[in-house]
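The following blocks contain the structures, represented as structure tokens.
The following pair of complexes shares a single chain, subunit A, combined with subunit B in the former and subunit C in the latter.
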Partner chain A sequence: MNKKLKSVLQSRELLVLFLLFILIISTGLFNSNFLKANSIIEIFNTSLTLMLIAVGEMFVIITRGIDVSVAAITGLSAVVLGTTLNMGWPIALALLATIATGILAGAVNAVGVTFLKVPPIIMTLGTLGIYRGLMRIIAGGSWIERLPQNIKNPNIWRFLDIPFFVWLSIAIVIVTSIISFKYKKARYLYAVGDNANGAFLLGIPVKLSLFSAYTLAGLFSALAAIVYTSQIGFISMNAADGFELKAIAACVLGGVGLMGGVGTAIGAAIGALFLTAVRSMLVFLGIPGILDNAFAGAILLLVVYIDYRVRKSLEYKQIQARAQSEDSTNTGVNQ
Partner chain B sequence: MRISKLLKSWEFALFILLVAEIIILGIINPIFLNLENLLYATLDFSHILLAALPLTLVIITAGIDISSVSVMGLSSIVLGLTWVAGAPIIVALGVALLVGTLAGLFNGVFTANTDVNPLVITLGSLFMFAGFAQGLPILLDKLNFKVAGSGGLAAYQYEGITGLPYSFTDIASTTIWLIPLPFIIVLVFAGILALLLHKTRFGRNLYQIGVNLDASHYSGIAVKKVLILVYIISGFGAALAGIILTAYFTSARADLGSDALLAIITAVVLGGSDILGGKGTILGTLLAGLVLGYLQQGLLAIGISGDIIQVVIGAVLIASLSIRAMINAISQRRQNQKTLLSRSSERR
Partner chain C sequence: MFKKISYILIAALVLGTFASAQTAKIAFIPKLTGVGFFESGGAGAENMGEQLGIQVKYDGPNTASVSGQVQYINNFVNQGYNALVISSLSPDGLHQAISRAQDKGLIILTWDSDVNPQDRSFYISQGTAEQLGRLLVTMAADQMDDPTAGTKKIAFHYSSPTVTDQNQWTVVAKGIIAEEYPNWEIVDTIFSNNDAQKAVQVPTALFQANPDLDAIICPDANALPGTAQAAENLGIAGKLIITGFSTPNVMRPYVKNDTVAAFGLWDVVKQGKLSIFVANMLVNGEQLKVGDSFDVPDVGTVEVSPNSVQGYEYQGEVNNGIILLPERVVFTKDNIDNFDF
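Take a look at the complex of A and B:
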């Protein structure tokens, strides 16, 4: 078999996509309403915030880091968006401020991790508290409501019966994937995550790569904030609360390795789609939707366990093959 | 020599920080300095210590357990449901502790038998336990689990289970020599864990596993058993925390403690444990937990809002870590210079 094809077939993205497909089909067999295009598109539409956050998280995890502040950045950016809009800023300027907030918040994480040498989980745990606190301080502790219509409009736009935001997010995920495969500097992130010391010796700017990973996570969290605000139409103080852990779960499900150097934007997106689909599936199956976290957690553990077993059996086969080839060369020498 | 070593230790620095903090906050607001008040304030963060102390052991092995925040809620709702089902409260307590221990066993077995990152494993179990805790009342209804005189358990899902007997909720209001019972439980638990960590072979093994897993295997440590036990202790501590929270709020809820993750990990890391394993003490975590707890209480007492306090705690976490990283870098550089100097003099 073609080597490239084989590696695609063994990829985690495909395993999860396959699992998702089976779950969708079996839910559809139980309740045919689930297979209607509308409900599938609706799941896709609901998953977008998580999807964008997960793609941002992916950059950081690829460098062998972790960012638990992404959802807090989404919340903070959303509050900036809502506040500036309600202050009467033109929408373009407000969106710019939102994205700048995300990039800045990501850059703060980046400074802590690359220059102050604080372990990523601690740095981002600290900024998680800081950003969530800032968010409430800026908003004055209450929900931000009565947003102007122009921010809510994009949520209604449709093209070929599919919401504008779905197209936009698919485009972002595909473009990100292409860039991270074809653009040499994007490969630096993978090299740094796989072996930071080796990358340094090869002349790869390790610090700059790390810095850009955390900043990109901030940028994507801000994009998620824009989609979130437009879709929901108001900003509550626990906006995107808990999405940091879901984003990490989505990445892990989609094959982004926490040990660094492995992962794709498409994988992270599939993971996010999967986690969102679980809740809808439970509802269509007549199981209380509140159990979705329990099922999502169990599926995550199942997938990493299957992955572990597959990896081990492959390693075992490799060792066996090597032992056999060594045996034959040894006998050759003896003769 | 011994005293100079003590003075240089991180725990001593934390102790000084704790005293300074209480004095400064006391000067701003004298009411805060009242001994009874200081002891009573521990009620607000006893559950964080109960989860952070055993987490220290986990982090020393280079692992992590973030599922403890879900185990708190799970043990709380299990306690409530067992009591609603008609069991005496003491049995309900036992079942809650058992559930926490089993949750820890699950994490431990998974961690010990695979090479999957413990963060991923406990992330999965965090979702699993939290979802299970939230869905448990409805699930029991669906299984036609009938309780006499009850109109379905689903109502408990959002409201929590109240009306627990005073013999149980009094745990939170009982004091012995002015010290609240929950804080005594914290101190006893800390004492047992300190003995376990610093005075037994098991404890030494934890450090070695954290420094070098492969070497621990080769040196004949029963790594699997040790790891499983560590996660069990973590689950047990979280269940204990859930029980104390239930008594404190006089209501059993599935989401108790779910917002404590930041505080728990901050306490362990501020206490001097290295997130990469091999370093940490029980005393450090205990002192750091008190520093953080009183910081929060004190800031509230002088009228600072909870939102700003969250910012302050995040900043304290980052500042303490970056200062320690800087000190390490400087001492490393000094050592390198010394070695260079001694080598160049040798050459001469």
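Take a look at the complex of A and C:
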């Protein structure tokens, strides 16, 4: 096998991107409208909320943790955004309050996990309930409606036919990826996830790293809330409900290892894009809405299975290759 | 003398407890809390409770889950409520909890979404499936220059295929279309499961898959604003007919900017009031038969209809049937500001 193809197949990000490409082309065979640039752009646009939440989740999963409160933080931040806007706050101030809410909510998780030593799943399951509850208290139990137009405007802004939020999110994902590759302290997260004790012995600030992972998850969830509010135009009490699991699925799909230490922001983003695309494709294919969930689940399983098979066969080939080369060196020695 | 006073005191106490037992305690249960539609119904219910001087409690699960509703029903039974008015998530799923409540002497009514007619006394209905299904078709047809000319491409968008009421309206609407507008082609029916984000994503894909769509009918509180937002995001607002059922407050911006010209609903505040009024009558031992009519403050004159208006076969002798809200509302730019729910 050609070396380049091998490295493409070995990278989960590129494999999923490749499969996404195949799915798009095959859907396009049935409904050519799907291949129009606009359709692809809209899928990208729709996936942004999930994408940002998934990137936040990635930081936590890299440290071998899990955060199931991310979607609740998005909901809570969205409610703060909607409420402050409806109270007549200037938009810049309302956005600041939203981001502060996300960071604070993430920091609460961080304190629980790093200092109180509560297992991450328990801690964030608890705060999931608390944040959803707070949402209801702040909003008085009903939807937040009649949002001012200024929060919905950015959603219509376009440069080169591509929505502003898409540019912004791509920029965020790329910058995040670059930072996590080039910036030494960002590598601490990977080290902690790979082997926390080892990292500690190397003098890496384990607690601080964990703390920043959960806080970053909160920050990204708040960013998602801003996009969500702008795109949806009203905030229901179950806003972003269920996105915690989708975000985890997006991470896994995009090659973020649940055992910690492995993963990239680009991977999480591609995973989110894939999950969103599947849902839209079903509409283009005219598959009855009743079957949506079943199809989406089946496609997901298929992708993970293909990924697993490809990986296994590559591993097998590598072992074979190694065995052969060892064979030849061995025989060389004997002779 | 002391004896006399203590007799009087005891008599007063007995009378007092008797009197307080007479004030009805009624629970008004939504499919889920936190949705404008149900909150407004709950506000109407509690308002009628104040008017009648009885105790009305609006509460329910915060996600649309049958087991959540069962829990609430059981809790209200244990707290000694006299009557429950339920917007049911599942006719069969609630059967056991309701039977248990009835065994303990509670009166069961339904509002918004019904259970099996054997399981309740009255269903306080927003309209028959015929009335609401026809309203959906009429609202779409009225916005076309000539609804009978040329091929029209139509789609439906609502919460999920298992929701009884929305499904019934859609079936009726599709029947009317087949019969009266054979030139309308139904290209797709899409679902968004009460999820606001999906309610934007799914119609976005639909609009792009069918760029020549003429109308989309969305009989769901989430689906209609989501569809309107999708059209706005794609910059195609005003180029196709978007109509359906939702609440005026969430639809106001879309009506004001001409994305949605007309949509319908019923006055859910009145539905809440009517429900509590009827529940209180039954708690006070009144007997209502099919054909009886009575006045309800803030609502008007209502009549007891047989279960057959909703297509049921079962019909009890007394205190069983359907009470319809007198009217449904079509909201447009001109009247939407008269409503706040």
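To be clear about the criterion, the second predicted complex is superposed on the first by the 282 of 335 C-alpha atoms of A that agree within 3 Å, B and C clash if a C-alpha of one lies under 4 Å from a C-alpha of the other, contacts with A are read in each partner's own complex, and residues count from 1 in each chain.
Quick note on the criterion: contacts are C-beta pairs under 8 Å (C-beta built on N, C-alpha and C of every residue); 3 or more make two chains touch, one makes a residue touch a chain.
Note that the structure is predicted; figures quoted are calculated from it, not measured.
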{"item": "Touching partner for A:258 - first (subunit B), second (subunit C), both, neither", "value": "first"}
{"item": "First (subunit B), second (subunit C), both or neither touched by A:288", "value": "both"}
{"item": "First, second, both or neither for A:100, with subunit B first and subunit C second", "value": "neither"}
{"item": "Touched partner set for A:305, first subunit B, second subunit C, both or neither", "value": "first"}
{"item": "Which superposed partner A:249 touches (first subunit B, second subunit C, both, neither)", "value": "first"}
{"item": "Which of subunit B and subunit C A:141 touches, first, second, both or neither", "value": "both"}
{"item": "Which of subunit B and subunit C A:125 touches, first, second, both or neither", "value": "first"}
{"item": "Touched partner set for A:168, first subunit B, second subunit C, both or neither", "value": "neither"}
{"item": "Set of subunit A residues, in rising order, touched by both subunit B and subunit C", "value": "132, 136, 141, 288, 290, 292"}
{"item": "Subunit B-facing residues of subunit A, complex", "value": "66, 112, 116-119, 121-123, 125-130, 132-134, 136-137, 141, 245, 248-249, 252, 258-259, 288, 290-298, 300-301, 304-305, 308"}
{"item": "Footprint of subunit A on subunit C - complex, ascending", "value": "33-36, 39, 62-63, 161, 187-191, 194-198, 200-202, 204-206, 208-211, 222, 225-226, 229, 232-235, 249-250, 252-253"}
{"item": "Subunit C contact footprint on subunit A (complex, rising order)", "value": "31, 33-34, 36, 38-39, 42-43, 45-46, 49, 132, 136, 139, 141-143, 145-147, 149, 152, 155-156, 228, 231-242, 276, 279-281, 283-284, 286, 288-290, 292"}
{"item": "Residues of subunit B touching subunit A in the complex", "value": "64, 66, 110, 114-117, 119-121, 123-132, 134-135, 138-139, 142, 157, 262, 265-266, 269, 275-276, 305, 307-311, 313-315, 317-318, 321-322, 325-326, 329"}
